[in-house]
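Next up, some structures in structure tokens.
Paired with chain B in one complex and with chain C in the other, chain A is shared by the two complexes that follow.
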Partner chain A sequence: VNHVVHNGGLYKRPFNEAFEETPMLVAVLTYVGYGVLTLFGYLRDFLRQWKIEKCQNATEREEQKDFVPLYQDFENFYNRNLYMRIRDSWNRPICSVPGAKVDMMERVSHDYNWTFTYTGRVIKDVINMGSYNYLGFAQNAGACQEAAAKVLSQYGAGVCSTRQEMGNLDKHEELEKLVARFLGVESAMVYGMGFATNSMNIPALVGKGCLILSDELNHASLVLGARLSGATIRIFKHNNMQSLEKLLKDAIVHGQPRTRRPWKKILILVEGIYSMEGSIVRLPEVIALKKKYKTYLYLDEAHSIGALGPSGRGVVEYFGLNPEDVDVMMGTFTKSFGAAGGYIGGKKELIDYLRTYSHSAVYATSMSPPVVEQIITSMKCIIGEDGTTVGKARVQQLAENTRYFRRRLKEMGFIIYGNEDSPVVPLMLYMPAKIGAFGREMLKRNIGVVVVGFPATPIIESRARFCLSAAHTKEMLDTALKEVNEVGDLLQVKYSRHRLVPLLDRPFDETTYEETED
Partner chain B sequence: QEKEELIEEWQPEPLVPPVPKDHPALNYNIVSGPPTHIITVNGKECINFASFNFLGLLDNEKVKSAAQASLKKYGVGTCGPRGFYGTFDVHLELEERLAKFMRTEEAIIYSYGFATIASAIPAYSKRGDIVFVDEAACFAIQKGLQASRSNIKLFKHNDMADLERLLREQEIEDQKNPRKARVTRRFIVVEGLYMNTGDICPLPELIKLKYKYKVRIFLEESLSFGVLGEHGRGITEHFGINIDDIDLISANMENSLASIGGFCCGRSFIIDHQRLSGQGYCFSASLPPLLAAAAIEALNIMEDNPDIFQTLRAKCEHIHKALQGISGLKVVGESFSPALHLQLEESCGSRENDVKLLKRVVDYCMNSGIALTQARYLEKEEKCLPPPSIRVVITVEQTEQELDKAASLLKEAAQSVLS
Partner chain C sequence: MDVKSTKNYLYWLFCQFELITCSYLMEPWEKVLFYTFNLTMVLTLFYTTYVFVSVQLSSALHFLWHFPGNQHGNSVSIVK
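Entry: the complex of A and B
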């Protein structure tokens, strides 16, 4: 039962996105589970305070014991009592290229995860469903690696200067022209870190007296950039166009909160694919709203560039829209290009302005040359300029893998969030104990998955997240599916009752959330 | 109906104001080839006095081959943040080596130098806490402070009396409200060698103030790591201070270590907290392994050749002396600081004209084979904007003749442009 939307002709393709509602019993049990853990947490803290139980936390220096405590006891309550129990599911060290199969260093804990020791053994060929390797460019051999090696021996690893001073290499200029061509925009600018791209450029674009409308589930970098800019921030419900339209109407009609003056600019911040939900932004509707209300659109394509669209050019191509409609197209090179860094693309005036006033161009080191070369080679491969059809094949393979994997998981009876075409597949677990258990059981069966809980997700909606890659072959996917099936039966996480609530029909309440800088 | 009219009428400002074509910051210098000792800028070959390559490790063959080996093993990117299969054994090794080198318990690496201190400060200092920061603090520190939403108290650059006055005022405030004072954290944020002025911070007095007023110290050592101290351990070694007295040392690996990224080191009690609450650590992809391997090799070289630090400092003294007495330009910075500023002795009235004048000096030097740059700032965003200046960077690879050539060329340029 999939809800298909062709909203007033705005969509040229079916938009299948659904979020099944949490079963009531599961929600209750999850709350009970957290309640029990909290009680135990209080008990253990009590025992530790009265020295009945040994405290294994690092402690303050003797000489500084009378300083104001650095951490509030409550801040770390969650960390000490809940996170510490299942800490081994995260920060797993690997020692090979993060491709479709990866080698992990084995680590054990003899004191319930307070400290880890490495046994020295290596778990080989773990199927990697956790790395953001959408097009499989995380390779240590092949055209990309050879080109990067040549550039490394010629240019060295670092740059030691900022873009505006002496750090602007000819390689950077070449990359920027290529990125602009790839996206179909007038010009582009690249930065050394994806997170910093957001947090350093949003403040350059908007300031006091402007309004930012940000999606509920935006990434921390967008939230930080919005806060640092000093503009007023209002949050609309995730991917909910009625909520966004209401906020837009209110903003233009009522103006700034106290003075009633009109807003200088309004900027809408959305992401292409939301990495925790697996949902794709309703871009045709957002662009229609943007044009009607004369606002500006900032699209963060961290996960969707390279992963969506018939030739990998991102969510704009996926919907068949014009890249010039999006005012600021931002993205990162970490996920689909197997490198690091971020970019912003748009009109020439925008990029010229950013070249002059972006915090990163003035104060932060530019990108390292071998990384730049990796992006140039992989981007040329995706476009097809290297003379092969490898890029196109990978994009198609990813789309096939996505559809196949999601279909099989849904058939097995798991609750899977998100859009049918998104390569990020969240599988709902809900209960805190199952988070740890799922991660460990899958590792025992040689499959590496990512599990996420609070605070990255709402407290009862913890999940396991699979990131598909073009490098995954059908055999690997089948093996993974078989194991997921087994573990799912073992842990009883097959909650789906096939009652899907289409996102459009979800009611939204009238409250709006506003954050202002005081 | 009225609403529809209002919506029709509202006109936003353009997304970005147009930038004039001759804006000084718009036209970048294009460097073809590696930015090493001999650099090709805009087609001309020059001696590099502008890249922060203090120990000359950008071009080092051993560093490059270590990075090549890592590239062959791991590829380029890590495809994930540290929490989700982005932790490589190279990262763990680099953290251990840095902690051992700095003689602290633990170290944590970030993938971007700017993000290091800008994520470290908000992890500890929240709304309601008090931070005393030097006026000449660099932009990354300012952004970290802004993100933390704490109360910022600026004290005059390197003026311990001013800082003590602020601390005493705060103490009086505390006595009025002891309950609040018991939960308000206090920090002092200083740099070892200031990027904006080239001065050194008086750390021994700061330590005394720390214990007297119970404030924690965060030290930013981007310029002094790998420069000061007998073994390059930074300002704590330079002054002979016990490193545990400093709560957090943060530095970036983009200057002396000629790699990319940054690190924080200190006691586990402090550093471990950043693994869950450092925004630039948790929500961002980890450092590419080849850069981590390059940093490890650079550390090896630093440990094996402790005499390069003395050599570097001697060169700094040499050029500091040689640049004295240029008519129209004054040298700003300590004699052993490898990054100093040349400011105009007399401003010609407006910042724009000063910048234009300095540009002519820089162009004169570039045309004659010395690559220099002006220090760049965001004029509207800085809290205390430093005056326009030319940045002169000394590296260990520059020979005495080249230093003398640079000094004499600057004298010539100043004479021809400024008189």
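Entry: the complex of A and C
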């Protein structure tokens, strides 16, 4: 159900998020499907063990059959009996730049996805709805590519050192100043890998005796960083501020579990956009809670930097808040800047501390110079410092594409999760056979989508995830929508029971308090 | 062409059945096994329904039909 939140003036714009409930019949049928596949999985395992069928997956050697079994847990069972059947929808090799259209290598399997062979043909101009290319900077021509090529001929490709030893180039310093200016913080530091930014820097910030309050659906990098740090971790329900406040109150009142001493630090870990749900964090409320209970906030803007906000500066600008309220602003350059790597921004003392104590700075290779130049050029384009309005046009095009695509999908009757403004669009499929069927049917119609199932999502809530891009023209979106409509009718995935009037095409009128007309 | 559209509709229904029970993902020999099992179950169900329901229905009709007539005489034989 769409609801509009007006929390005492914290939100300057309507916050439209919806997670429609799974229809009961669909949930039952999904379990039926999984039950059938599990029974057949047991049958196949039995046949494999008694050598009636050839065993093509990894097993222990003959001499090790009496040791502790390695492949009997649920994950391996799922892998060889369920994942193998639909494996051809993943790891599809592409052979061109992942822009709005991409070329894919065609592959077939003659033994039901255990091995693949390439036919040699290339499927050209597949509409790419799966790459994280929000602002369309994944290009092999243009200003960014030329600048990167120039830097490549000047600096080479490798840095051959870690950041602290001999890997600190003047390009890195330039990039860090630019990132700090872009975000509106005092100082920033960049790392070569986005995942490593989270997992290697959270242990440097918190340790034993500290408390981490992490959202239920946080990314694996945040979870890994939190676990590596050795701090106590408590989970609050996804985007649920009452749950977070309850945990904060308990933490402050009761202190550490055995000794009852106050916690050394309390750190709240949230993401800007959650990529599996398409939801946006309730940042004004989180900041209000943070100030009230005097805790620290770590915001992971991997998907929201460049994609939200009127000038692309992320979720902080989207809500109209002060960037100095967020203690640690982290993000990646992979999604909106067409490069690779991550950054952390914040106060100068924090970043100077991280320069010395971060594992990534000490042990990981620093960022490659052409990649640095790609980020510098794309960031300058977004800010507008290259003298054109290309950046601003792209940000606006992405916002338009997002609203249009989401509205059309909802009108068609699919269940779409998440916030109205997020460029990540999850379309619910639920049943395991439909996951494989959706991926294959869309590829037949020349559209590449990413389908997600267990273990990235809960077992019955499998989905297809569309990532919109500023590089998608309206014609491409219309083609994609037509095909999605066709496949949706063919597979019967239009489960939605609400037919809502589109909300966001009218300008927000100050006198209307009800945004939905049922 | 009513026959063609009915055939298409039935094929589409069969495809939906395949998707819901995940027999779309199975190898041919697994499909044979699964459909055989399903058909056996359905036929057994029909047979049981036919035998069970018809016996009960006939005895119920017998009871209702002959009830207004021989009240005392027949009631002993019907109550088992």
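Some points to look at:
Throughout what follows, the second predicted complex is superposed on the first by the 479 of 518 C-alpha atoms of A that agree within 3 Å, B and C clash if a C-alpha of one lies under 4 Å from a C-alpha of the other, contacts with A are read in each partner's own complex, and residues count from 1 in each chain.
By definition in this document, contacts are C-beta pairs under 8 Å (C-beta built on N, C-alpha and C of every residue); 3 or more make two chains touch, one makes a residue touch a chain.
Please read these numbers as outputs of a predicted model, since none were measured by experiment.
Of the two partner chains placed around the shared chain by superposition, chain C is the only one that A:33 touches, whereas chain B remains out of contact. Looking at the shared chain after the overlay, A:161 reaches chain B, while chain C stays out of its contact range. Of the two partner chains placed by superposition, only chain B is touched by A:357; chain C is not.
Within the superposed three-chain model, A:116 lies out of touch with both chain B and chain C [touch as defined at top]. Within the superposed three-chain model, A:334 lies in touch with chain B and out of touch with chain C [touch as defined at top]. In the superposed model, more residues of chain A are touched by B than by the other of chain B and chain C.
Of the two partner chains, neither chain B nor chain C is touched by A:404.
By the document's definition of touching, of the two partners only chain B reaches A:149; chain C does not. Across the two superposed structures, the residue set of chain A contacted by chain B and also by chain C is empty. Those residues of chain C that touch chain A in the shared complex are 15-16, 18-27, 30, 34.
Of all the residues in chain B, the ones that touch chain A in their complex are 3, 6-7, 10-19, 23, 25-26, 28-36, 39, 41, 48, 50-53, 58-59, 63-64, 67-68, 71-80, 82-89, 91-92, 111-115, 118, 124, 138-140, 143, 146-147, 181-186, 211, 214, 216, 244, 252, 254-255, 257-260, 267-270, 272-273, 275-276, 279-280, 282-285, 287-288, 290-291, 294, 371, 373-378, 381, 391. Residue ranges on chain A touching chain B, taken from their complex, read 57-61, 63-64, 66-72, 79, 83, 90-99, 102, 105, 128, 130-133, 137-141, 144-145, 148-149, 152-170, 173, 192-196, 199-200, 203, 205, 219-221, 224, 227-228, 249, 252-253, 262-266, 293-296, 327-328, 332-335, 337-340, 349-350, 352-357, 359-365, 368-371, 374, 448, 450. Note for the complex: chain A touches chain C at residues 29, 32-34, 36-37, 40, 85-86, 112, 431-434, 436-437, 490-492.
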